[in-house]
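Chain lettering (A, B, C, D and E) follows the sequence in which the chains are written, and residue indices restart at 1 in each chain.
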Amino acid sequence: MVKYAHLIPLFPFIAFAINILFGRRLKKASAVISITASTISLAIAAVTYAGFLKGGGSYAVGRWLSFGGIPLDFGVTVDGLSCMMLMVVTIVGTLIQVYSVGYMHDDKRFSRFFAYLSLFMGSMLGLLLSDNFVMLYIFWEGVGLCSYLLISFWFERPAAAKAGMKAFITTRIGDTGLLIGILLLFFSAKTLYFRDLGHLGINDALLTVIALLIFCGAVGKSAQFPLHVWLPDAMEGPTPVSALIHAATMVAAGVYLVARTYGLFIAHHGALIWVAYIGAITALMAATIATVNNDIKRILAYSTISQLGLMMLALGVGGYEGGTFHLMTHAFFKALLFLCAGSVIHAVHTQDIFKMGGLLGKMKVTGWTFIIGSLAIAGVPPLSGFWSKDEMLSEILREGHPFLFAIAVITSLLTAFYMFRLIFVVLFGKPRSELHAHESPAVMTIPLAVLAVFSVFAGFFKPVKVEYFMLGVSMFIVIGGIGTAYVFYILGNKVLPASVRSKFSFLYKIILNKYYIDEIYEAALIRPCMSLAKFAASFDLRFVDGAVNLTAYLSMIAGRIQSWFDKYIVDGAVNMVANITWLCSAVFRRLQTGFIQNYILIAFLGLAIMILIKLIGGY
Amino acid sequence: MNGLIQTLSDILNNYGLRQEFAIRACFYSLAVLACIFGLGVVTLRNIFHCAISLAMTLFCIAGIYLFLNAEFLAAVQVLIYVGAIVTLFLFAIMLTAKIGDRSIRQTNKQVLASLAVSAAILSLFVSIIIGSPWKKAAADDTLRLGIGELGKALMSVYALPFEAISLILLAALVGAIVIGKAGK
Amino acid sequence: MMIPQSHFLILGAVLFALGLYGALTRRTAIGILMSIELVLNAANINLITFNRFLGSPDGLGQIFALFVIAIAAASAVVGLVLVIAVYRNMKTIFTDKINLMKW
Amino acid sequence: MSVSASIGYFLPELILAGAAIAVLIAGLFIRNKAVLGALCLAAIILSICNMPHSFQATGPLFSNMLINDSFSEFFKEITLLVMGLVILISIGYKPLDDESAGEYYFLLMSAAVAMMLAAASDNLIMIYISLEAISLISYILTAFLKHNRSSSEAALKYFLFGTLSTGVMLYGISFIYGLFGTTDLSAISSALLSSGVNGLAASVSLILIFAGLSFKCALIPFHMWVPDTYQGAPTPITAFLSAGPKAIGFAILIRIFLKNFFPMFPDWVDIVQAVSIITMTAGNILAINQEDIKRMLGYSSIAQAGYILIGFVVGTSLGIQAVMYYIIAYVLMNIGAFGCVILVFNSIKSDCIEEYSGLSRREPALAFCLTVFLLSLAGIPPLAGFFGKFMVFAAAIQSKYYMLAIAGVINSVLAVFYYVKVIKFMYLNDPRTSVKEPKPFPAKLAIIIALIGILVIGLFPVPFINWIGNSLL
Amino acid sequence: MPFPLLTAITFMPLLAGIIILLVPKNRTGLIKGIATAATGIVLVLSILMLTGFDYNSSAMQFSENLSWIPQVNINYHLGVDGISIGLIFLTALLGFLACVGSYGIKERQKEYYFLYLLLNTGMLGTFLALDLFLFYVFWEVVLVPMYFLIGIWGGPRKEYAAIKFFIYTLAGSVFMLLSILALYFASQPHTFNMLELASGNCGVFAKGFQIIVFAGFYLGFAIKVPVFPFHTWLPDAHVEAPTPISVLLAGVLLKMGGYGFFRISYPILKDAAIYFALPFAILGLINIVYGAFVAMAQTDFKKMVAYSSVSHMGFVMLGLASMTITGFNGALLQMFNHGIITGGLFLLVGVLYDRAHTRDIDKFGGLGAKMPVYAGVLTVFTLASLGLPGLSGFVSEFMSLMGGFISFRLITAISVLGIVITAGYFLYMIQRVLLGPLNNAWTGISDINKRELFTLVPLMAVVIAIGVYPLMILNYQSAAIAKLIQDIGGLLL
């Protein structure tokens, strides 16, 4: 029953068309349309998944284009990876759409929001299904477009508009790499289909370059270092958008692309190593920045970057299973975390965590689901996060990369630390400012609950045998991270944030908690992380972000110079010719003096010259 | 016209000069005179004197025609050119009065340039005249063209140009009257 | 004939040059007209010289000269009428004053 | 063919001469321009009708003073066409008063006779006499507005320049007579073919004759009289000058240089090629920023003469066809343009181009006609001007004169500047005065004839090419 | 004698123009009706032609051949094949839509519509003519009405822009005339017929000769395309031309240059085409990158779109230079797509200009809220223009790049950079115009009205249709392109 897979992206597109055309009249009904469309896709995806389990496969649909004799067909790939991702995207997408009915309730462009959401759903599903690079590239750009439209949804705010453009251009830079990769692939290997990427040759120099270029596209889309600068700014968009696009699905597309073309990467270790190290750097850097940030959504954004870094790291070392498994579980709990953050913001109307506090009492469901999500991401067994993270760590260790394993461990530690820093600051303790927080309406809390359930049980989808050593390591990470956070924020919560900012309060802290283990621990471990974090944050802002802005600024200058060049030199040359002719016509005009004898003189001078030429010529 | 030359050479003979030398001397004197008077036409300050020197030049040219066995032409030259055209000029000079007095400078600024051009053209023509082989008739001055043949040719072979000339003269006449007469 | 043909032609050429020089330098229109008469006479001398030395039976040169004299008369008439018209309109016949139309 | 026998084939000219005399006499009694004009037109039409009759006998006439070949027939028809159009537009020209109309038409008709003689003459004497006749008559016509300062100044300049140039030509002819012993062109060409060229004197005398003819066709350096004369002369006469004598000048140029003196072709071709290029370029450049439209059209006619010269310099039969075709188009374009200038002058009393601004609002039809003529002069397809230029460039490229073709091409771009400048004033600027003059019918008729002529020749040139084809030398 | 479809298409507008001349000046309603009817009939006829066109034959179809001037062997020869069919449909479509778009013109309408229809005849004729002389005549006929249309109804510097356009194009086309004549005299039985000259049975031309003649044609076509050094007339002409005219100027006139390469330079002068392949690629690259950079620095909306046309036509040059089937298909399709997209963009600029009477991008802001429908349509066309996959711009750019990549790897790689810059300045424009806080000057601005929408919807439909299913157009042209490549001996990739 796999034959209907290609209909999956069709329904969201239809919903998009309806919403765009009749959006104004539909008003609230547009939400119903897009939700039904995504549920139908969910159903078909489930059927396809079932069909796949019974042995269905990918099939071709039709001829799209022919490049000089080499036909390019539009086909559908149905395998473990794509079915899993289909289920994830449809489930998370539907839940988020239900959630955003509540969240976007009083927005005047309600129907347009849902139109964009279903357009995104369609493109994402199309991306997952496409079986060749050109199809993938088309939907890839479609997804990039939707992220642009949704980020700059509240375009009245200039920051949102700027963020949208920045997102689109940065991903576009990555896509150009992908495009060049596709071109190179087409001419060296004469094929664009994923299925025959595996057997193209081992460690061939050109194919390594192609793999790197394709990875460059993934870096752009999944916000890996150095093209990650757009994701934090993308938080300007509405929170469901951040949840759907910048947590669960779109950013995962990069990882999905690497997974999809894994046959190529495996055969060329040169490229694979790059993937691993980029992943590692991104994971560590993002995690450190997250620990310092005070904006609830930006913390989650950096955490997403960090988790994606981890996945890339896993894939980079050959951990295909762990990477893809974490991709799935991460989608669930990260979506949950964002939605909780969304309902918190919806309630208190601010994003700065140090203005919140003690919200658990007032927002029961949001609070608890928030905690479940944090537990999952931190890797507390038996939740899903533990299983996939554990799988990844064991694969990294098994592939024999001790240094990368250490980085992964530190990152997980930091992840646990900043997640629970968030939890303690927002949910526990005394409210820092007078906030009349109230629980979000049912339409928002139900999806939270469902997602919480998925976060908990997603881990059991894949039978994973547990090694005890790894169990120990995970336990160490969990306890270390949460404990430190507990120590810092629950006990001396006045101390740590203050000391970070000013030195002298350091003494006060020593007195408060009296046992020196913390100080040694802090000096040995936290202080370097802090300085590293602060350095990373400033580095990121000034250099990388600056670099991107710098290129924009430079190209603006280049544009202005060339426009000046065009106006004065090229155009000038043409006008100069015109002026010269005008000038010599003015000069020669003076020849016509009006005196008859001048005329006769000139005439006979001409005659004399002519005869002279003839005489000289004659002899 | 033989008669006239004959008498002229006889006079010279009386002075012991041979006939041939007499003719040549006579020609060159006329030629030189023509050039001098020509120069006069071109350079004299008073326009009145120019007209007179033009008349004298034309007389000398008529004389030279005699040497070329063109007696009728000499007569026509004297009659029409000197008689009619020069008098016409005199009328014109009188009509446009005040240019007669001597004070006004007669030549304009471009004297040097025009001197150069006319000298150049003169030298070019002279080099051609000397250089090139003119078609020469075998017999010498045996041929005399009487006025009778001239008239017959005019009426038979050159009838069309003759009529065309009449058309030109009529047109010039009508034109001169139209433009010349005062009126509104 | 004792006098060689080229002498006549040279005389013609000299008169031509004189006429040309006169036309270029005389300040009065009538002066120019007179110089033009010289030019025409130069051509006449040429024609008659060739007629004499070619010994052509029908005397073409002389007839042509005759026509030239007639035409010279006509052009003199027209020239002088124009001079008078200019004098009547512009009260001057100095060519360097007649430059109403230039450039 | 003896004189008395050849009278029979001389009918068209006789009719015109008769009509000239009749108009002169009628002018004493009938003081009305239109009636006298109609009389002349009738005469012209009559002479056109029996033109074919007079061409039964092709060959020398009047003891080979004239030659009655199809080449001369073509130019006679051109002359009659020009005369007809000039008479039509001069009826509409206001400053020409009625009481001297008789003399005016007489002079025009006698000019027509002179031109037809010149077109057919096969003898240097005849050529000189007819050219002198055309010149004298055009001097008088130029000075016809006897109380107008610029008209008489123009005439005087034209006269002085012209008489000297024809004097030079006469000198050249005398040399030719000295060299060949005869002035009969066919005799000279047979002498040339048999005994070959005798060097320098012949080519110098050819140059002298070329000087006289280049005065007639207004080629560099004998073009200086054109701007002042075109500006000063009454507009119908300017139209006549730009079309009639110029076409005849080219006819004689072709007859002498390409038919009779063809063996001496290599001697003078590079000089005339240089003259052609300089004429085109100087004509266009000088015309660019003129204020007076008649003066500008003067310069433009110099440039057009440059283009025609390309066809002449090439010397092949295609070259001559191109010249003849271009002359037809040139004649129509120029007379049409001057016709429009007359009508505009009648309403705004000035020839300054700035005064033309907004003409398309005041008199759209007139503006449209002038635009078509100017565009045709600029050589924009599908008008006749373009096809003329096309033929001329084709001739140049066929015989490998690439320099000439490129110069011609660049010049046609240069030319667009000033033609479009006038169009710009007419269409793009808004009108200054709103005075509207009733347009006399004959002038309108002339313009319409010229307009239709240009469009038809441009789009369906086949009949005209056949007409030229069988009237080659 | 079957119904002369092509002559009908070409001369229908002229006929209507003449009828308009007879209609009195104040009956503007009738004049508009006649003009729209004429362009409508032309559109219907072109659609009829599309349906009747036989895909897989690369020969000329519906061809008509009458002798015009036998002495010089010039004949009135029209025909259409895979290469020109797309462009004719484009001309007919834009001609009709721009005619509807010209209802906004208020003064001197009679002259306007006459010149407009004359322009249409010139454009259609240029694409249909198969005789070099006829081609040249139609090529020049386009000049005069264009001069008047820009000159009379244009913006503040209209006179300068109009005369500059006229002289520029004329200078180029005049050299083309010399090349045509050179070809005419070099061919054995002297002929102007393009097919004869291409088929080689009237003499094979020497390489040196071919290069010179190619250079002459290049001058004429490069100015129209426009290629780098000759493009300075485009921004002036666009900025000053009234909106419907700049739609035709960008939509059709630019294609005449490219079409010239396809129809004349490449098939007839094969060796010269191969000889000039590398310079063409470099010029294409310069066009793309230089055009994109300069467009980024513009503040005038129309000037920016004009320079973007320069950049997009760079892809055509690149596709042509690649000498591959994909490259040629890409180049031809790029001309069609660019015509549709830029036509739409100019109509949109016109909509904005009619309301705000300024084209300075920085003066707008936040119009997205006030004019939602307009914002939507503008976004679609902007995205199509920057080559977003799923819309027509991407397909042709992708194919041109694909073709270019086969022959010139480095040059194509650099020109891919052009796509990023294009995305940059278009989105920068969207951000300044649509997004951000609403500029209080435009509070009272009204959204796009029915008529304007009517002109834009068909274009949008075509853009999306070709984006989703490009074979719709590619089928028409692939046979002819394949034959052309075989003749030239290009790569069969």
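Methods note: a residue touches a chain if its C-beta (ideal position, glycine included) is under 8 Å from a C-beta of that chain, and two chains touch if they have at least 3 such contacts.
Everything numeric here is computed off the predicted structure, so don't read it as measured data.
Between chain A and chain B, the least number of touch steps comes to 1.
Listing every chain that touches chain C and chain E alike gives A, D. Separation of chain B from chain D in touch steps, taking the shortest path, is 1. Ranked by separation of Cα centres from chain C, the top chain is A. Chain nearest the geometric middle of the protein is E, using mean C-alpha positions.
More inter-chain C-beta contacts link the pair A-E than the other of D-E and A-E.
Taking the mean Cα position of each chain as its centre, A sits at the greatest distance from chain D. Chain centres here are Cα means. That of chain C falls 26 Å from that of chain D.
Rounded to whole angstrom, the centroid-to-centroid distance between chain A and chain D, based on C-alpha atoms, equals 80 Å.
Each chain gets one centre point, the mean of its Cα atoms, and the points for chain B and chain E are 75 Å apart.
Averaged Cα coordinates give chain A a centre that lies 99 Å from the centre of chain C.
The residues of chain C that reach two or more other chains are 9, 16, 19-20, 23-25, 32, 49-50, 54, 56, 63, 67, 71, 74-75, 78, 81-83, 85, 95-96, 98, 100-102, listed in rising order.
Counting only residues that touch two or more partner chains, chain D has 125, 129, 132, 136, 139-140, 143, 146-147, 156-157, 160, 164, 168, 175, 178, 181, 199-200, 204, 227-228, 417. Multi-chain contact residues of chain B, defined as those touching 2 or more other chains: 108, 110, 113-114, 117-118, 121, 124, 134-135, 157-158, 161, 165, 168, 171-172, 175-176, 179.
Inter-chain contacts occur between A-B, A-C, A-D, A-E, B-C, B-D, C-D, D-E. Looking at the complex, you find that chain A touches chain E at residues 20, 63-69, 112, 134, 137-142, 145, 148, 152, 155-156, 158, 160-162, 164-165, 168-169, 172-173, 176, 179-180, 183-184, 186-187, 552, 555-556, 558-560, 562-563, 566, 570-571, 574, 578. Of all residues in chain E, those touching chain D in their complex are 68-72, 111, 133, 136-137, 140-141, 143-144, 147-148, 151-152, 158-159, 162-163, 166-167, 170-171, 174-175, 177-178, 181-182, 184-185.
Interface residues of chain A facing chain B in the complex, by the touch rule stated above, are 595, 597-598, 601, 604-605, 607-608, 611-612, 615.
Listed in rising order, the residues of chain D touching chain A in the complex are 156-157, 160-161, 164-165, 168, 199-200, 203-204, 207-208, 210-211, 215, 220-222, 224-225, 227-228, 267-268, 271, 282, 285-290, 414, 417. Chain A meets chain C in the complex at residues 589-590, 592-597, 600-601, 604.
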